[in-house]
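One structure below.
Letters are used for the chains, namely A, B and C, taken in the order the chains are written, and counting of residues starts over at 1 for each.
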């Protein structure tokens, strides 16, 4: 023996999992959507992502190093995830200055103010996005029509999202007419699945997001509870509305695949730090997000509600953690 | 679908290096150190004095109080002294130190080596035999067996479960007993069933030991009422409560004992020791110890006399490798790291694992990312992250309310934590402090 | 227009009235009588909430003081005699005299004297180490060096010495609240009488092993040889379990025991340097 023996409490073996591995796992899961984004928006998608990710990482480094005098923790990959997610929920024609501002708010206010990774009550990327959305509503709701590397950014070609068209015309024009009328140019099911519609950079390609979900589940980075409970709740809620009044409500499938629902349910709501710890708590959290999303979409002023729904449920998470306990072993006495 | 327990659990790399290595008898050491407290409960009281000649199998310390066990000399020779010697925690403890001379056994012990399957003793006599021969749980908890065999009045036991799970990575001593001493072990199971007055005996074995399952299945038909059950590989299935849940779907209520749901669990090694004690009148003076590690020269399973210093055991396996960083007494998930090889083998020593310097490194603690993995792997449905935080802040009232006393210290939470937080270290502290508080309250 | 204003004012006033009534009745119903003296006493206490008095906080202590017939067993180690005199004045009672005390670390097992035999890796908490095993050295009684006592000290009166790996108590700041004594799992900290000019003589070791193993583990361990007991004229030193103990109430600080200790386990603190006489004598003899 060359060295003194080490003594430590059990266990003496550990799993290979580590925080950075999990974070980079999320980054990999986001790659299909990133590729889809590039396919639809070309250079713009690359530029938005690059600006967003570099600025979140740089801000995290600068703030930790010079403001807090800590050792910067940018290697753990969480700033990269925040940057990617922020880029995904911005329109690709957003001016670079606004993206940088959003990144500053996301990292500075959303994350580091509360003590950094593990302590932030709200999803940092969403904080950044909502800040931009409320401060610059015009820029944030001007979507270019996807056209690959030929995508044009002059205002003339910007289109509306399917949800905003729906939101403006609920109770005015029957759904059937909306869908078929050429003036509205509503995308069909095939278009929304493959992402051929107006919307934020990374949220439009449903298939890519679902591929990411599959990866997250297989790698066991997230459990099924949160995405499943959100999607099922949205499906049921919109299903009830649709069955009650098919003429004036979009069908559940349309709701499921449009807007930021998939991106939110798969990548934003499942953020470790801001979601509940126990399986039971996760389901309650997911149902809450689902209900709030549909309420805002159908009855609120905004066409899309997932961002607010997630932030509201983020705020409820500490309560859920306190009051919803996992079912303890030996709690119920069962005799065979 | 193989049976398993439903809640939590992890699957560490199995590393059962010695699964195919036959049990080898370790040559007698020159000196044995036999601690007087090798079991849960009161230490035994020495009945020999310095200079006495003792024979192999002779009682050298008798049990004191209700929860205690006899201690026997594992060798023949002269008592050098009764003095303090270090135990696996590094603390000093009263031990009988014997210099070995020859190997002269007591005449009462049957050493013919013939299999005796016929059980002639009554239930009460069996319990008495176990007490006399100092049998304790061999799985590591070392609870005196004769107490476990006495069903408390007003309670009824209807199934005996034999724990052949061996869910700890690396360890293979129970595996080898099942293969090499299958008939003896099954006879021991019948004896235990008779003592408990039950007609059903279930042996749970994880499916990573197909040879043991096949072997026991092929001979179990000769033993009435015993069935063999393969289980899905999942740690900590060897935990009493988890095993009962997996095999019978009964859930032992929080704070209660297995007998409250009509089950009693014994380890494979215990069943074999009971066979020897009852049929051969042989006290618990030796046990199978797995000596293993990735860099060790000759890893193996060895039949070792109680009190043999671990150094002799490791030397027989090729000595301590140059790059050893940590030595663990027991399994890698629940075993104890020791700071010296002078520690003797006791009744509860199931294995010695030598980890290299690289393997024994603990990674630096990072901030909790609240991923909830500790909650999802806890087999008891506790919230390790919360228990750790509350213990750090010394909020012991809440620690108690969050059921810290239910924790079985399996280590799944610390194992899985991606931020490498010392969850179990603190939970164990919370548990001991809470235990102290509960005892104080009871005294008032 | 004017009617709208009127209705608004009226309705708001009525709402306010109702709320005020509810508040009034609730306050009446849940009124708790509290001795105003409790507040007075609390103000007189140091408000450190250290728990040195045995109560969770100053308020609880104040309640106990107000309720108590006399001050037996009630003492605030932080505020000391002055505070207790103030409290006694408020309550019209007399405060008993209590001698001031100071915490003393009874371990001198620096790395120089006490070699490491293993490395602990785990949560940095003394009690966790203590429950796990004997510690990083062969001495199962000595300081573990992780500073739980320092964390427990509310008065910044302690720090860990980086070189010796032992806690150091700053006598001037120590109020003898006993938090460190309770925090130490090895029981190496003791509250001792505070003598003139903070002078101290104590056995800086708590090893209960026999001489041989004790010295093997640590060069400055008390071996329980009894020389100090013999030399003490005041019966202040007793030996129990191979360990000497100096009773600070009986000790007269004569320093005889310090000289005879073969392992230098007895420490004298805050004494002026000894007159060189003792050392010069043998030199003279040689010459």
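In this section, contacts are C-beta pairs under 8 Å (C-beta built on N, C-alpha and C of every residue); 3 or more make two chains touch, one makes a residue touch a chain.
As the structure is a computational prediction, the values presented were derived from the model and not from experiment.
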Among line, ring, star, complete and other, the chain touch graph is complete
Per-chain Cα centroid nearest the overall protein Cα centroid belongs to chain B
By Cα centroid distance, the chain farthest from chain C is A
Cα centroid separation, chain A vs chain B, in Å, comes to 49
Rounded to the nearest Å, the gap between Cα centres of chain A and chain C is 53
Chain B and chain C have mean C-alpha positions lying a whole-number Å distance apart equal to 42
Shared-interface residues of chain B (touching two or more other chains) are 90, 336-340, 360, 362, 422, 425, 428
Touching two or more other chains in chain C are residues 117-118, 121-123, 128, 132-133
Chain A touches at least 2 other chains through residues 3, 5-9
Per the touch rule above, chain B residues touching chain C in the complex are 84, 86, 89-92, 336-340, 360-362, 422, 425-426, 428-429, 432-433
The residues of chain A that touch chain C in their complex are 3-9
Given the complex, residues on chain C that touch chain B span 117-118, 121-123, 125, 127-128, 131-135, 140, 209
The residues of chain B that touch chain A in their complex are 7, 10, 12-13, 90, 169, 241, 245, 248-254, 256, 261, 320, 322-328, 332-340, 353, 355, 357, 359-360, 362-363, 366-373, 375-376, 378-383, 385-386, 403, 406, 409, 411, 414-416, 418-420, 422, 424-425, 428
Chain B partner, complex, touching residues on chain A are 1-3, 5-15, 17-19, 21-22, 76, 78, 116-119, 223, 272-279, 282, 321, 325-336
